[in-house]
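Consider the two complexes below, in which subunit A is the common component and subunit B and subunit C are the respective partners.
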Partner chain A sequence: MSNQKLAEYVTLVSSDGFEFNLLRSAACLAGTIKKALDPKSGFREGEQNRVHFETINGVVLEKVCEYLYYSQKFAESKDVPDMDIPPALCLELLIAADYLDV
Partner chain B sequence: MAAERTRKRKRDQEDAIAKIKKGKQTKKKDTKKKKQGSDDEDDEYDDLMDMYKKKKPLPGQLDFCELCNKRFTVTPYSKSGPEGGLICTPCGKEMAKDAKAQQKANKPVVRKARRKIESNRLDGATMRGAKTLQQLCIEKIAKHADDVEEFGDLPDPIMKRLSEIFSKKRAMKPNTMKLFLQPHLDTVAIEEAAYLETEDFDQIFAIVPNIKKLSLRNCCQFKDSTMDYMIEKAKQLTEVQLLGANLVCNDKWIDFFIARGPQLKALKLEWLDAAFDDQAVQALAEFCPHLERLKLERCKRIGVESIDAIARMQHLQHLTLRFCTEIPQERLINMITSVGANLRTLCLENFLDGQNEEPVDFVIEAIHNNCHHLSKLRFTENHECSDASYVSLFSDWNNPPLRYIDLNSTRDLDNVNPDGPDDYPIGLGSAGFTALMKHSASRLEYLDVSSCRHISHETFTSIFDGTKQYPNLREIQLSFCPVVDTQIVATIFRSCPNIKKVVTFGCFEVKDVVVPRGIVLIGAPRAQDQIEQYGDLVLDFQREALGELEKAMMVAAGA
Partner chain C sequence: MKSARAKGLHGDDIDFENTWGTLASAFREIHTKNASRLSYEELYRHAYRVVLKKKGEDLYKRVLGFERDWLSTEVHNSIQALLTPNLLVSAQAVGTSNTNERRVAGEKFLKGLRQAWGDHQVCMSMLADVLMYMDRVYCQDNRHPSIYTAAMVLFRVDILNHPVSDTDARAVLDLLNRVILDQIQMERDGDVIDKYLIKMCVGMLESLHEDEAEAEDQRLYNTSFELEYLTTSKEFYRKEAEFLLRDSDAGAYCRHTRKRLDQEEDRCKSTLSEVTTPKIQKVVEHELIKNRIHELVEMESGVRFMIDNDRLDELELMFDLNSRVDDKKMELVRAVQKRIVEMGADVNNAAVAASTAPAPAPDAPDKGKGQPQEKNSNQQTIAAIKWVEDVLQLKDKFDGILRTSFGMDQPLQTAVTRSFGDFINSVSFPRSSEYISLFIDENMKKGIKNKTELEIDAVLEKAIVLLRYVQDKDLFERYYKKHLCRRLLMNKSISNDVEKQMISKMKIELGNNFTLKLEAMFKDMTISEELTSGFKKHVEGLGDKDPKRIDLAINVLTSMTWPLETMSSGDDEEGKRTKCHFPPALERIKRGFEKYYSEKHSGRQITWLANMGSADIKAVFPKVPQKDGTTKERRHELNVSTYAMVILLLFNELPADQHLTFEEIQAQTNIPHSDLVRNLQSLAVAAKTRILIKEPMSKDVKPTDKFFFNEGFKGAFLRIKVGVVANGNKVESDRERRETEKKNDDSRGFCIEAAVVRIMKQRKELSHQQLVAETLNQLAAQFKPEVNMIKKRIESLIEREYLERIEGAKVDSYRYLA
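For the complex of A and B:
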């Protein structure tokens, strides 16, 4: 399959320069990231396996990554326990989640 | 002499008690042994061995504990240890505790918050896997509603969702409501406004003067003064939905229609019982000529004259009515004749003529003759129209296939004859349902035939035969259709590749259905533990589809 060409891990970069390496399969749970990395879209992100987020800071992006792995872990199970989100982060995270389509 | 006798009696008594206690213990041991060894030979062997064993001390004597080797006094309550010897009281207690814990662990665990989980499912919040991050955040925010100071610039759909969730959690109080009022908005929608006071409603128009669309449900404190303020401030208002605004008097409704008349595009009013009568509807027809969307449900004081007034609204595209009085069918037919041509949506709930003994089918005939642009039709709770009328409605109807059909509870009502009259079927029956599917199946997304009791099993099996495909059908309601059984539900899964939800409350023949992945079956009455059945399995016909999809992807990747 064509997956051989694709790197297993991708890098997400926050607005303040923090880099997060995570599994491509987890990252692609977010619709926006999936589209950006899709080789068919032909974006530079797809070639470099690296997505830069100008509007999301490191703290929020870390939580997003945590969510992506959490979501991947529980993808097939029922009655999933809710992930803990610090209330102070909620609004920013919500905006990021809306942007990322997760 | 007497003293000696009592002493003797006492001694006899003690002996007897000791004997009884001893007997009890051996009996206990016997039963225990029987449980352990199933073979009789084993028992005999054990009995033989018992003879060589050291005799167990009687109550009152001393022995060494089998577990901790401490010396203790044997009592009738002393328990025997795992090896068969006696154990001391502390060790016995410990053992009892362990046994209890073991018992508890063996009991099936009752899931906590089960009701909550079920509620989430019915809301469609959790189908499978984790909630979306947005959902998690919104729930968290709603939980901490009191601490939030300002939302800032949130996208509109999220604001709407937040408002809905606040409403659902009964968190829409005067302080939290202000979070949803921002000057740049053009929509304010509050699903549950029961906690809000008159001043809070005034705030809406003070802070959001450019409001175009207002939707308030359970707005009990929406008063005449609020209406005045709305007329004065909200000059751009084009869509209004109010549920339960009972403190607004008739004249104020009319004032509002006069003030916003030509620009008003949509009006939805529900549950009004104190005011809003025929006069108000007449004023609406007169002063709001551009009304496109009208919904009047459960407004108790309107009747036939309102139907006549609605007949004069020439620009209506969406019409939903549910009256509390019986309407003679001539008036209803007159209304459909005059406004039907432009309608996209027509919902007539519980419209009964009440005058005629014979079935009256002319309303449905009027729909057939006048409506040619419908995409959504709801005609429910009717026991007057015959099956033949539904056949004629859907046969040669000059109307594109419908997207949404709800004909629930169109059936005969006669306790003595539950199957309805044989010669003249009442309500949507087999023939009507067949005609319906023939007309609309290609585009149909939502179908509700709940309580249409007269549709036969053969009709269901011939429509859903597993080979005919209904590509757009996403939801189907079959509750209280007694003939629906496991086979029909199973073939529905096969006939409708995009089906998401099948509802079968009260269909007692639905048992042990294998629900395919991605589909929810609600209301299977024989379901042992859950009302909803979520599909886990990828069935063979789904596998084929998946296989094709994979092939297509490989081809695409190769190219």
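For the complex of A and C:
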């Protein structure tokens, strides 16, 4: 069990092998990731600080990470600049969002 | 949208049974704490897919089924393993087994249960994480409780409400309650228990609910445990109260109760739940205080004992406890009142006993004034002063109790005041006003000598305090006037300032009306002084240089303000005041003053009251051979009453060996019989002032007795004061007392009439009831008239046509006739 101090960064792995290192606080904005990493539950992801997503490819996951940082950055501000989302990715991003509970 | 999603990312069909198999085995891993081998993402993905495939309902049911299986086999078995026979026995009949074993077994059981509960919570939250998507999509859409909640319900149904074993039908929950109660009982008996552990179990009960609705008051804690806790506590405290009342004293009982209350509060904080605090406190209060307070107060060592022995802290406890259950503190109030009245009655009785007891030393003949009557009334005076001091002491005591123990509580304060009023005004003891006045008199005459202003003030304040309790203020006024009158005329008062201070105090306390006449008396005194000096100058101005001139000091008293009738000795009836014949020397000066006075104030009449005056005589006794052989003329200054002076002046003109009989003296002086007897007694009988010799020598004065001038009189001092028998302020004899009361009643009659007329003048018409009530109200500051008396006065007013009855009115009513 990871009783020791939680690592500041966690790793997200896409289905095609891309790895994204990002702040735990940002990653945990997504419900699914948060629960996967929950130290109280002690799943394998929590032990390794690494979540492997079998269903999300690198392009989409990159965009997800971008969004997580984006939403953390502007969590408490108004007049947020729009985030640029390529229309081609729209559908896949929506599915990922549902899956990740963002 | 969903179908699009399914096609896009997870288009492949899934096999439900397969997936469930994976999930179920994973769940088992979770329950056996092997979660680190599992990938959350994988499990989540499986569950996610199942739900996407509209198999949410199946999944939900499967999970619940899985949990139920798990609980009723694995968990239930593990709990069963904790149930030692010891524990089961103890549950059936508490007290049969060793306390220590029972405690250990109980703790083990509680620990196991808590463990099971903790595990269940952790596992279910993990499962809920995995099944998050199901909760989010399926449960919400179909209004099912989340999987976590549903599983908690399962815990209640399959563990807590499950029978303990196949042979024992009681639910585990009952057992749990029993064990906790048992543990608490052990703590009450002084054992140390694992409070934290119990707190955890209580926490479990608090988070589980009786039914699915999860209402706040339906928590298992409230519906099951708390209920039982309160009933057992009630039983326990009922027994304890019985035991304590039998075996310990009231003080210990109070302390114990206080301790129990604190303990229960602590217990609720540390062991149980804070919501129970008010409830259990109520139980304790009810059982230990409310149901017992009467017995407690009445105990041999109860309030009475505490008061008698100044157990202030215990009284405080008692007060605290009583005020918890009763705002008005009825029981305590009642007990305190009763005690005050009892103690007051004691004081009253002691005073009565002391005043009627035989003189303490009847065989001491050298006591100067040998009259038994005299001694008796002296004794009464002492009794009166003792009474006042006793009452004050009592008052101090209860003030102390009020202050330190009862926190100046309002109801108790009024109770104490009322009780004091009760016994001071009690019917069986009618002398309080007289005694208080006597007390002041005594202090004015002697008590305040050598005291600082502050101390004097304290004494006066005390008197005022008592006065406040007295209902019949008019009676007090009467006595006070009488006593003050004596003090002023005979110059007995030590300090006029103090007298005035006292009056101003009474003025503050009782109002202007009360002291009006008293102040007038002082004014008369001042005017008299002026008159005296004025007259002196006037006489000097006349050029009468007679060396034998007699100095005259005069007190002119307004007859309305001074209670002169009370000054005359009781024998002569009113209005028959005989005029004393003054010897010519006096007569001259008397006329001189009358002339002087009528010049100053025309139309005023002066009545001479010789019975109240006194005179200084320079007497020369002829040479008499002394023991050492020398002969010497002896001079004495005799301070005697006016009457005595008149008598002595008779002998002045008499040859030395001649005598006068009693009758002769009376004929020549015209002094009232009783005054004459008394004066002659003090002149001829009292050993130290025997200026006359009486034949035959006896105490009583008979009309045929002969009196000689005592040429061989010896006095140790130059100034000799010839006291007149029975002339001080003493307690009245019964006869005097009846008279005083009669007079008082008369003056009350006038007061009542005046009040009635005042009221009717204002109101014109009034019913009988209202009139009586208002009259009582108006007169409350002075005295409390009897209703009967008011009735009589009203009758009399009707007779005299101040009022008339209103004919035909429904209730008795009167009209004022202008």
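Here, the second predicted complex is superposed on the first by the 98 of 102 C-alpha atoms of A that agree within 3 Å, B and C clash if a C-alpha of one lies under 4 Å from a C-alpha of the other, contacts with A are read in each partner's own complex, and residues count from 1 in each chain.
Criterion: contacts are C-beta pairs under 8 Å (C-beta built on N, C-alpha and C of every residue); 3 or more make two chains touch, one makes a residue touch a chain.
Since the model is a prediction, treat every value here as computed from it, not as a measurement.
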item: Partner chain(s) touched by A:102 [first = subunit B, second = subunit C, both, neither]; value: first
item: Contacts of A:31 with subunit B and subunit C, given as first, second, both or neither; value: second
item: Subunit B versus subunit C as contact partner of A:43, first or second or both or neither; value: second
item: Subunit B versus subunit C as contact partner of A:53, first or second or both or neither; value: second
item: Partner chain(s) touched by A:7 [first = subunit B, second = subunit C, both, neither]; value: neither
item: Which of subunit B and subunit C A:91 touches, first, second, both or neither; value: both
item: Residues on subunit A lying within both footprints (that of subunit B and that of subunit C); value: 1, 91, 94-95, 98
item: Subunit B-touching residues of subunit A, taken from the complex the two chains share; value: 1-2, 64, 67, 70-71, 74-80, 82-83, 85, 87, 90-91, 93-95, 97-98, 100, 102
item: In the complex, subunit C residues that touch subunit A; value: 4-5, 8-10, 35-42, 44-45, 48, 122, 125-126, 129-130, 132-133, 136
item: Contacting residues of subunit B [partner subunit A, same complex]; value: 111, 117, 126, 128-134, 136-141, 143-144, 147-148, 151-152, 154-155, 157-158, 534, 554, 557-558
item: Subunit C partner contacts - residues on subunit A that touch it in the complex; value: 1, 31-32, 35-36, 38, 40-47, 51-55, 91-92, 94-95, 98-99, 101
